[in-house]
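Each of the next two complexes has chain A plus one more chain, namely chain B in the first and chain C in the second.
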Partner chain A sequence: MASKQQANWSPYDNNGGTCVAIAGSDYCVIAADTRMSSGYNILTRDYSKICRLADKCLMASSGFQADVRALQKVLTARHLIYQHQHNKQMSCPAMGQLLSNTLYYKRFFPYYSFNVLGGLDENGKGCVFTYDAVGSYERVGYSTQGSGSTLIMPVLDNKLKAPSPLILPAKDAVTPLLESEAVDLVKDVFASAVERDIYTGDRLEIVVVKPDGIRREFMELRKD
Partner chain B sequence: MVQSNFKMSKEATDVPPRGGFSFDLCRRNEMLMQKGMKFPCSFRKTGTTIVGLVFQDGVVLGADTRATEGPIVADKNCEKIHYMAPNIYCCGAGTAADTEAVTDMVSSQLQLHRYHTGRESRVITALSLLKTHLFGYRGYVSAALVLGGVDVTGPHLHTIYPHGSTDTLPFATMGSGSLAAMAVFESKYKEGMTRDEGVQLVCEAICSGIFNDLGSGSNVDVCVITKGHKEYLRNIQQPNPRTYVSSKGFSFVKGQTEVLTTKITPLKEKVEVIEGGDAMEE
Partner chain C sequence: MRPDPVCSKTLLLRVGFLRRGESPNISSTEFPAKHHRVVCYYRMNLKMDSIDSSPANQALASHVSGSERTLYPYVTGTSVIGIKYKDGILMAADMGGSYGSTLRYKNVGRIKPIGKHSLLGASGEISDFQEILRYLDELVLNDNMWDDGNSLGPKEVHNYLTRVMYNRRNKFNPLWNSLVLGGVKKGQKYLGMVSMIGVHFEDNHIATGFGNHLARPILRDEWHENISFEDGVKLLEKCMRVLLYRDRSAVNKLQIAKITEAGVFISQPYALKTFWGFSAFENPTKGAEGSW
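What follows is the complex of A and B.
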């Protein structure tokens, strides 16, 4: 009896990497490492996984970077159209819905892209949306995606303890941490993930979104 | 049908089969394949860079210290340079259990041989024992080794592949980082190097593996073997310190983990201790 034929070519590849986002009362921290790899090889140590989709809305994506690039292009193009039609920038929740629809549009040949959307909502409060590859999304107080996510998520859960949306009265999703504490937590958590995950490392890019503007900083990580 | 079963069980209790390849598990493998298990099942590649080179007075062996389980680092500082004899060491790449077991086994055999012959072990003895064992297991013992040492006949360096083939070389690399390390060797190796030049080149080659291969990382281990003397330089280089330590640290207050129920079961009744009681009997 002939066994089932398996494909010997795959349209996907995994370029690794980890992304994190944390929402605060008046800020949002989005961070991702800058390593791009394929198999056991490093392709580059200096690749940005964070894309600015709108004025106060950024997306960090890990997975297959060719699909991530294509997705970023589609979203920035759609945002441009939105600006022409509505004469304003897209808000973060609106971009969140657009990303979900774009991902589900390719339900049967998905974007191999694991996304975290971060920014400020219409009230100036931090907002983070987390996605799977086909567009299922949820607004949360913090999230992580990528190869190091399983190492980082438990630590964030311990520190930021997400209140369940089922508990009444409805608790705020944003973390009570200060901006400096949140950035310190992100740095510590990445330094730890890099110790144990081979696909995460090289350099950490941190972007902080606040009502008055955006700040970017870098931190060195282990290069092995 | 019943009779043949009876016969099979009777054979199982008789003398176990002597040597050769046992096909007992083939029926089981067939059954598993029908149930959907994929062959060959994926073994965990440990990802490694191991090297060896011959210099003026002996051999230098080098290895990284990362052990991986898929994409996760299982051990950040493991030892990949194994002891075989006082004058022979062996670096191992591949499945960690296999390299550990096979080097321990041959190391014991060498010691027994030393007792039997009253002489220092020779590298080619270790080589033959290893390759014979690996060949017999048809490559299923996934151990790729770099064997080096100095004996009465001089310095020797060999590579041994999982299927049992061997090479005798002036410089050698194995493991997932072997290409990165070999690039350094091919570029900078020369015959008749001094000890310091040899150690320097080995460190460079291992560092090349550590930084360019994701399966290798952490620190550099080196072992220098010369006539009548060996130096095991554990963690000679540590080029990967932790980059950030939070000054705040982590504090776990009582109540952070929700306690659902508490049940206390005393194991022993309360015992009264009397000072200056009866002396213990012998």
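What follows is the complex of A and C.
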């Protein structure tokens, strides 16, 4: 009697990378490195992990790149349909819910994608949602996902620690920092993560969302 | 057409009976009568995976009846290397098809032109590569049948291949290939890669398999923007020589392919000069008589 065959290939791979998002009072900073790796190889040094889903809503994802790309396509398509049906752009919280539902839809064969959604909510305030691979999510003031997240999160907590969500009256999670200070913090934090995480490096892509538009900038990181 | 319970939406395509070289100039009166045939060719999952196709169900089914899914590759090709150069793309691959550790087939062309603007190189299972060529044949045929002056560029073909590979991986029945897709359209050069699980990216230089480990570092060091044709060929030959020395499944019979705005050119197979005259090889037991 033949025993059950085991697959000798894995449908998943970890292509690495780190994503960060920080929400401010009237801006949102979303950043990710541009390195794509597989095992100990670097596949390319120039791959963007940030996707613009809606006018004021961006998603940065790290993990298995084929799943990330499929997820981005699904969400972009759904946004187009929403625009046709409602004659307006999806708001960031709405996209947040859609992303969560899309991830849970594949609960039993997940998208291996660790996401951070950033943008401006309906009131023009910064808005960051953080996710796990199967769709549990939470609105926060800042977050990081990916291979370097364990190195970065404690530093962000130190600088931006939100007051407890349990105290009354309810206090905002968004940081009081200025936009330039938040961008500097992101640059510092990536420069540190790159030193110790082999999957993070090459180049940093930073996108800043503000009520009047979107700005993109790049910073070189260590390539080793 | 066997109904497919997994697929929630089949893509129906009209296919005309065209021989190679014939142009699809069919008048509107003729077309319905002579060529009317609706055939379903690909059963791609165009919606998200439905619950029926969960891995648990499929795994159970395959255990009972004997799997028809790819478990491991049989006849494989080794690395493909591609670079962007001044006028377009250069690609190199040897002509070997290995059956495990036997170098069984030595005349396997692993670089093929696709449409007017692209070149496809493949490593991995050769039969899956031939299947992919059949899919692409059909894609290009349908593209030509529109007869609207447009033609599929390398970006489009790369995207199509990515979706095909990813969807097969989702059904746990992958096409066991790493594909290199290069081309030029309207002056824009494009070079990308897709792996068997759908990982894809675009870069100035690409290599699959062992090439990733051995050739890519050389390319990172010596490739530069607007490299000339002669320098590009020299660079590819340097990489192929290293692979010949160090990759056991490489054969010394390679083809170099070039694609520019003007068209595709795939060279005749040729061999690289190698050097084995190291003193340690000539007298291998010199330092230790009796050993081997």
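Just a few scattered comments:
FYI, the second predicted complex is superposed on the first by the 217 of 224 C-alpha atoms of A that agree within 3 Å, B and C clash if a C-alpha of one lies under 4 Å from a C-alpha of the other, contacts with A are read in each partner's own complex, and residues count from 1 in each chain.
Following the convention adopted for this analysis, a residue touches a chain if its C-beta (ideal position, glycine included) is under 8 Å from a C-beta of that chain, and two chains touch if they have at least 3 such contacts.
These numbers were taken from a predicted model, which means no experiment stands behind them.
Aligning the shared chain A places chain B and chain C next to each other free of steric conflict. In the superposition on chain A, no contact is made by A:Ser91 with either chain B or chain C. Shared-chain residue A:Lys187: touches chain B; no touch with chain C. Seen from the Cα centre of chain A, chain B and chain C lie 70° apart once the structures are superposed, a value rounded to the nearest 10.
In the superposed pair of complexes, A:Ser113 makes contact with neither chain B nor chain C. Of the two partner chains, neither chain B nor chain C is touched by A:Ser149. By the touch criterion defined above, A:Asn41 lies against chain B and chain C together after alignment on the C-alpha atoms of chain A.
In the overlay built on the shared chain, the residue A:Asn158 is in contact with chain B alone; chain C does not reach it. Of the two partner chains placed around the shared chain by superposition, chain B is the only one that A:Asp197 touches, whereas chain C remains out of contact. Once both complexes are placed on a shared chain A, the shortest Cα to Cα gap between chain B and chain C comes to 5 Å. Comparing which residues of chain A touch chain B with which touch chain C, the overlap comprises 41.
On chain C, the positions that touch chain A within their shared complex are 48-49, 54-56, 62-63, 67, 71-72, 162, 166, 169-170, 172, 174, 193, 195-203, 212-213, 216.
Of all residues in chain A, those touching chain B in their complex are 37, 39-42, 147, 158, 181, 184-185, 187-188, 190-191, 194-199, 219-224.
Against chain A, in their complex, chain B makes its touches with residues 47, 66, 68, 71-73, 76, 176, 210-218, 239-240, 242-248, 256.
Across the interface of their complex, chain C is touched by residues 4-5, 7-13, 15, 36, 38, 41, 43-44, 46-47, 64-66, 69-70, 74, 105-106, 108-109 of chain A.
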